[in-house]
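To start, the structure under review is shown below, and the notes come after it.
Labels A, B, C and D are assigned to the chains in the order they are written; within every chain, residues are numbered from 1.
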């Protein structure tokens, strides 16, 4: 038996669930998980289901095809547990990369990582321990930045990358690169957005005297730190913590928040409703 | 247009979602919310959906009837937002009753409360402020206990009660009463079960030196503090807290946990899978 | 035996704790709690201790006087558990006032409330149930606003008010009133500041698609929603929640956050270090 | 300037803080952090302070000596940031060891680890990546168990070990070993104690249908899972999670809870008050 994930996005109207599940029945599938959501403001309908069936990918898509056409659906059929081809970008901070690689090896994170790209060489050894190819090139001039981004796009093509993860990559991407990777590039921002956008969020948090600090995983858009939010976490701090201690405390939340977002994305649980995300946990 | 909640429990097999949603389509309903779960160990299937339709209660049930029979379903159709007829039992502690009544009046808790029964008169004034009838009778002898429980059962019958809530009612119920109210009586226990069953859980927690204290809302069974758990919350404490301070700190979690459980029950979001609960949030 | 709270703020230098505790020893006090903090950036020293002693207020102050003068300290000596004279301002929303009054009556909140002032009459009945005087006057014109604020200042004088609490009071205060009450006026803002300042924070939170919503208790300054933060809490939400649901969900956090801040303030646990608060829990 | 941590435990009576801070003044120290606690039930007094001074270890102890004798104190003077000599015991699960080693290398965990001992060879490569010696020997017979424990004690002596950490070491220790290491051996139990002691706590948690799962770091005593608790954390789960998924979800809490407990212990923030711990954060 195969296990498939089916995700569907279309304009909302009556009968969609019945039509889709009818196609699943036709493909002799048993539905093991099903979630749906109707966006009241956008008028869009979102569905994710898992099904076990003897039918293969093509057979399932064929069964769904009439429904897809009739409702004008965006539909995606994916195998449960298939590792997502993921490119990771890093700078010097190791904690997010370490967390992603450890979970990947432990079997908790359904990705495969054909390459880690850094603008510093610091994390080469860590990647090597996990047998992941690592490549670094400096990004200090405009030319280097352009070259780095071209390397990113080439890697995306070469490895047929489905997701780019900025694991504390500390360079701002060009609008062109953001546009080219739209909807398949995730960043971890080290604050509870929309508070403390931009640089040095922990220093901002210290100055403002907040009692909770946090981390936000979000899609990258050309509008800095404004992309759709996927996941957020916070942790309590008090007046006694220096900015440097906030940095250390916040690392746990950054790691777990980014890994959670990547996991959900890899399991086809993240759908976009305008500037908001639908997360089917 | 009417808004209906449909909940279904039956043995799991392929095609159920399609069959049920087909009946909804037949009744010209639009599904606005749908959640399902298959219990791997029990082999049971659970579904909750909300639908808007011009069809009335009888019409919707009629449309579902063939499916219900074909699959041997337990099925319930209820109007969204209908206040549940709820009997509340109390002793002296006011915080849970206060929270339930405040939320009920604010429109956040879909219940109506025809009666509050106490084994102490202390909360009469509070009930009166919220225009809820209050009655108290002492429970110090075996005869009084029997009389109190008879009063409970009579009240259940008189007011066609759908849910009994023990809002820090400090008497142990007889096995007979537990049996008579099975599946429709909820208690708030002032610890994070299964830790610290029985009396004085905060004193037990203090002695054990736990770093988090909690509260558990659960169905009442004749097996004390062992009924299926509906909701739990915890709050951090430290070594400096006396047992009396733990009592005060824990009250917030007790109130919110009980109100959350009652809300979910009233919205038909709580289903039983043996000793475990399915919560369709 | 008396129980006293001593709070001290001064410029930091060696020997302060020894000097202060020497004065306590001289007053034959036993220290039961002591916390201190040195603000690295501000160079200020903060201390709070509790002591039990046969000495009265004047005797304890006399013992401390030489130290106070020698170090140029701001020093405050207060009786443990003395209820703080508190004025509460409200509009229509009941949850924060209800929470404050319930906790006050339960003995969990060491305040006495000689008056609740509203710009709407809606909460008169609630105040009356708790035997608290209530007065309302409309604030729809500039003249009415001036009159309302004059009434606030008069009430502060008449009742020797030590703390003003804005319990979801929905009017912006004039800079003059903010200045007059500086350091003794607390607001609850219904978002996790600094995110979503100003009006309709839950609508803003919905549009931005955040995964946690929160509440912030802070000192009021003329700079709207920018005053020093005392306490913050958050609660998890998901894509399915409408702005109206966020409002309902957030009420619990608003109530508990405000009551927590008021409790700490009433127990002399909140000290100001520039734009940040020191909280000695 | 040196930075010292002073911890003191003695019977409670008036004047202790003054006496201790007097000795610090005499040693020309500036107190940068001070916390104290009086155990009401045990009648014991606990204090931890940090001081910066030109005085060396011997000089500071000499200044404290008269006070120590006069009050019958247990007193410890330690250098801030000195890495604690720590022995780690493991089996097959990698997440706790990985977390400890990553934090140690990042400079977040003030320990040095001269040896990791396993009853399986699985984690040799991980230890090697962090340049930590690793040794494994099977524990399947009584003789092997005795030999393993003798190796532990020998390693403790050889490396002058101050703390033994059971990082998901899955063997029960003999009462003799527990006694020999009393007060300096910490275990991570994969449940929220006192719920679900013993083997397979996640399976127990699944059967009981709890809504939060957790982890507990505690001192090891011969009374299994009953030693004094140092830290606990929980995470929310729902009905849909299988026991295997609970295992994966719980790993984050296990890692962070254990690392937190080890950090506090290494910073002399954990003191024992009978069966309870005082944690001076």
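Worth a mention:
By our rule, a residue touches a chain if its C-beta (ideal position, glycine included) is under 8 Å from a C-beta of that chain, and two chains touch if they have at least 3 such contacts.
Just so you know, these numbers come straight off a predicted model, no measurement behind them.
Identification of common neighbours of chain B and chain C yields A, D. More than half of the contact pairs at A-B come back, by residue number, in C-D, the repeat among A-D, C-D or B-C.
Rotating chain C by 180 degrees superposes its CA atoms on those of chain D, with the angle stated to the nearest 5. For this pair, chain A with chain D, the centres built from the Cα atoms lie 36 Å apart.
In terms of their C-alpha centroids, the spacing between chain B and chain D amounts to 41 Å.
Residues of chain D in contact with at least two other chains: none.
The touching residues of chain B, counted against chain A in their complex, run 13-18, 21-22, 24-25, 28-36, 38. Those residues of chain A lying in contact with chain C across their complex are 37, 40, 192-196, 207-212, 214, 228-234, 238-240, 242, 273, 275-279, 281. Taken together, the chain A residues at the contact with chain D in this complex read 94-95, 98, 102, 106, 108, 129, 248, 251-252, 256.
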